[in-house]
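Provided herewith is a single structure, encoded as structure tokens, for subsequent inquiry.
Order of writing sets the chain letters: A, B, C, D, E and F. Residues in each chain are counted from 1.
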Amino acid sequence: MVKRGFYIGRFQPYHNGHQSVLEAISDEVDEIIIGVGSAQMSHFVNNPFTAGERIMMITRSLDKLKCPFYVIPIEDVQRNALWAAHVKSMSPPFDVVFSSNPLVVELFREEGTLVVSPEMYERGTHSGTEIRRRMLMDENWQELVPSVVVDIIEEIGGVRRLSQISKKD
Amino acid sequence: MVKRGFYIGRFQPYHNGHQSVLEAISDEVDEIIIGVGSAQMSHFVNNPFTAGERIMMITRSLDKLKCPFYVIPIEDVQRNALWAAHVKSMSPPFDVVFSSNPLVVELFREEGTLVVSPEMYERGTHSGTEIRRRMLMDENWQELVPSVVVDIIEEIGGVRRLSQISKKD
Amino acid sequence: MVKRGFYIGRFQPYHNGHQSVLEAISDEVDEIIIGVGSAQMSHFVNNPFTAGERIMMITRSLDKLKCPFYVIPIEDVQRNALWAAHVKSMSPPFDVVFSSNPLVVELFREEGTLVVSPEMYERGTHSGTEIRRRMLMDENWQELVPSVVVDIIEEIGGVRRLSQISKKD
Amino acid sequence: MVKRGFYIGRFQPYHNGHQSVLEAISDEVDEIIIGVGSAQMSHFVNNPFTAGERIMMITRSLDKLKCPFYVIPIEDVQRNALWAAHVKSMSPPFDVVFSSNPLVVELFREEGTLVVSPEMYERGTHSGTEIRRRMLMDENWQELVPSVVVDIIEEIGGVRRLSQISKKD
Amino acid sequence: MVKRGFYIGRFQPYHNGHQSVLEAISDEVDEIIIGVGSAQMSHFVNNPFTAGERIMMITRSLDKLKCPFYVIPIEDVQRNALWAAHVKSMSPPFDVVFSSNPLVVELFREEGTLVVSPEMYERGTHSGTEIRRRMLMDENWQELVPSVVVDIIEEIGGVRRLSQISKKD
Amino acid sequence: MVKRGFYIGRFQPYHNGHQSVLEAISDEVDEIIIGVGSAQMSHFVNNPFTAGERIMMITRSLDKLKCPFYVIPIEDVQRNALWAAHVKSMSPPFDVVFSSNPLVVELFREEGTLVVSPEMYERGTHSGTEIRRRMLMDENWQELVPSVVVDIIEEIGGVRRLSQISKKD
């Protein structure tokens, strides 16, 4: 029987913290489903990259992950009470959710899904913010993400886009 | 000819202030329509309870109200100019709106419905906030709501839910 | 412990078939939740009445029902996989669904809710269609609905509305 | 005091029937508001043109209309009970609606707006269908529309688009 | 060949800054398309006027503009990545966008449309805020808008509406 | 430089026709993006499976495909004019679309993307319908799909679900 775990993030952008969490999860389950949250968002200061760009970052970075994985965009639904059902309809069935986000934990628990939230998953939670800050300040953001992510962000002009949309109106 | 009055709130949760306003309104009209606003919201720090939970709180608390009443969930529409038409389509016809919310007053007035907003309806407007604060601080919130509401919130684990979703990510 | 049952229909309009089903259900449970399906629809040939009008028909017809009941508008969600969660968020908790609609049965079963669908609930399933046909043909539709429903439809000009929207463009 | 009239159509495409109706209306009011219905639709067999393309057809064809006019895209709302409020929020205020569409007539009448629906407005109601048929059959559709509409449809490759989307899958 | 330019604003309300920008643009192109942004919003403190009211303000103020123009309501789409396609579907085709809004600039550039953003277009960007402040303070807002806009705001009771919705709940 | 191709279907269910098309495409490009269309639909007679179920069918069936691939759910947008932008925002960038669906061809062509639609891609277009018919008739549907798809459909009780929702109301 295949055991599948679900992990969700916004991945704006995908970084080393995500990578190490996913590597740890790959020791626990047979297959991982990675939900790309707020998939409909892009070109915002806090959400600069499209779902497609984020899917590419994740897929390439996990080239050598020891277990198979799915990468699935999850659009926000405006109703928390429907969110767990929404995720489940978009995903292959899973047995356990790995998350330390309090709302994710609550919504899956009320819905009856096992949730595991060890402290280590918190590490780097806010790295996305730090990376975007460094991009805007022209500091070394590259050290915080896998090298293929650097390549993708360069290819799509990601830093230029972030700078442009961060200008004052 | 039956005279009906409309009253709307978010009821997060339903409390003694709402109760006394509705008892006062029951002296003025033959039937009351109680709109449960932002019905689609739940599991937010400021909107922890589902529409279904709030409907149950209201209905049970008004067991002995002297006039018949309807409890109707009203989902937000993102367009203020359509809101009065939205409410009217979801509700039995009514002759008067009881409200001291400035936007509710304006939208019904522009649409041609009589609005009454005596000062007393303001009392306890912000009690919802105070009750949720007390829940999180483990203070006495029970004294601010009807006793059946205490029962319902215990039954659904409402304080635990609110605490969980109030945690920092 | 209160046992609650859920029953859903479109009630276009509410008729004697619904009434007898609900009376039968009132022998089985302590409280009934009546979902008014496709609540957002009105002014269509097959869905002429607003949710508010239908809520009024139901509530008044059940004046003497032997158990308490809730009448709750349920807007369609375009995604079947979320429908059961949607209903549950809008309703007080319930223990059993009474339905003979195949999709309703399937969606609640997959979601884990007990569904009962005895043959008798099918009776009059299509009476709504027959009643609307009689309204348009000026035949005796009044015998198929509770007398308070006749009153309400007259008060709102329901037959005139249906005739008007049934004209060919 | 300016008297404004409202007229709505889908204009797929704008044709001589619309033109003569609007010329007649221009004798009755000081200003005309022309609603472009189902504005969100395009690239469908029955709705091939975008709102922008239809706005251009109308505006250029009415170059010499004797009164000022507004051309306003009106997206469908899925709820008939909100439609009149939706139209009114998107339009300058108007005193009268010119329409022979039974649903439009009903929705504005219930909302309290004067509706005029003389027989002549029906002429050519179904010309849109006929024009699209001729386009697909390579027959003379040009004679049914103003000459500037012919130009626009050629400029945007409208007949080619219609033929392509009409192919069987 | 007709050269068309696109200009977008929220116009809450339309003011002299907009007027002078549009007059300048009318020297550059043959036709102007004016997008009324956030068209679905009204009755908010920062967005008090409906799309219909704003369309009327713009159209009347530009009575003597030297080139033809289109005024088109543009509802927000919640997805930035679709916004340029959304605008293009609602508008006649255009060759150039005039904007100094950083996000508008980015979205059209990524989509391949020429964007011009000379400094002068910034002038008065924040006048809308200033005008609404003066309305609430009973100061001279009239000097900042065309005189026909004063007339329209008086006709619709705009200052009264803004005052009402600005009250504390 | 990586060359990516995009292929879209509803995959209700994924079958041998899809498999052979994708194998052929894998000779033409370096990476394939597979869009799962109408992702929001499930539990309909013509769309019985959820996006998650379909993603699992596709991913497992392509275990040995000779090039890397992405499987991405694509929810319907109700506006054809935005569809190509919607797909592009959800997907890694692609150079060519493989499709024989007339609307898909038109929407990508107008948007400027290269579309290839050789006859062979049509084969088996309607197999989905045939497979669902066989499921309902208890005929041999298994021969038309990869063996892992048979396993998945059995695991999720797919035939039972389809039978249930196909019952007459």
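FYI, a contact is a pair of C-beta atoms (placed from the backbone, for glycine too) under 8 Å apart; a residue touches a chain by one contact, two chains touch by 3 or more.
By chain, UniProt protein names: A, B, C, D, E, F = Nicotinamide-nucleotide adenylyltransferase.
Computed from a predicted structure; not experimentally measured.
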Smallest count of steps, each to a touching chain, taking chain A to chain F: 1
Euclidean distance of C-alpha centroids - chain B vs chain D, Å: 43
Chain centre separation in whole Å, for chain B relative to chain A (CA means): 37
CA centroid of chain D to CA centroid of chain E, Å: 25
For chain C paired with chain E, centre-to-centre distance based on mean C-alpha positions, whole Å: 46
Chain D, residues touching no fewer than two other chains: 42, 50, 79, 81, 88-89
Chains grouped in pairs wherever the two touch, ordered by label: A-B, A-C, A-E, A-F, B-C, B-D, B-E, C-D, C-F, D-E, D-F, E-F
Chain E to chain F touching residues, read off their complex: 77, 79, 81-82, 84-86, 88-89, 111-112
Chain A contact footprint on chain F (complex, rising order): 39, 42, 50-53, 55-56, 59, 68, 70-73, 75, 88-93, 156
Chain B contact footprint on chain E (complex, rising order): 40-44, 50, 161, 164-169
Chain E-touching residues of chain B, taken from the complex the two chains share: 78-81, 100-103, 105-107, 110, 125
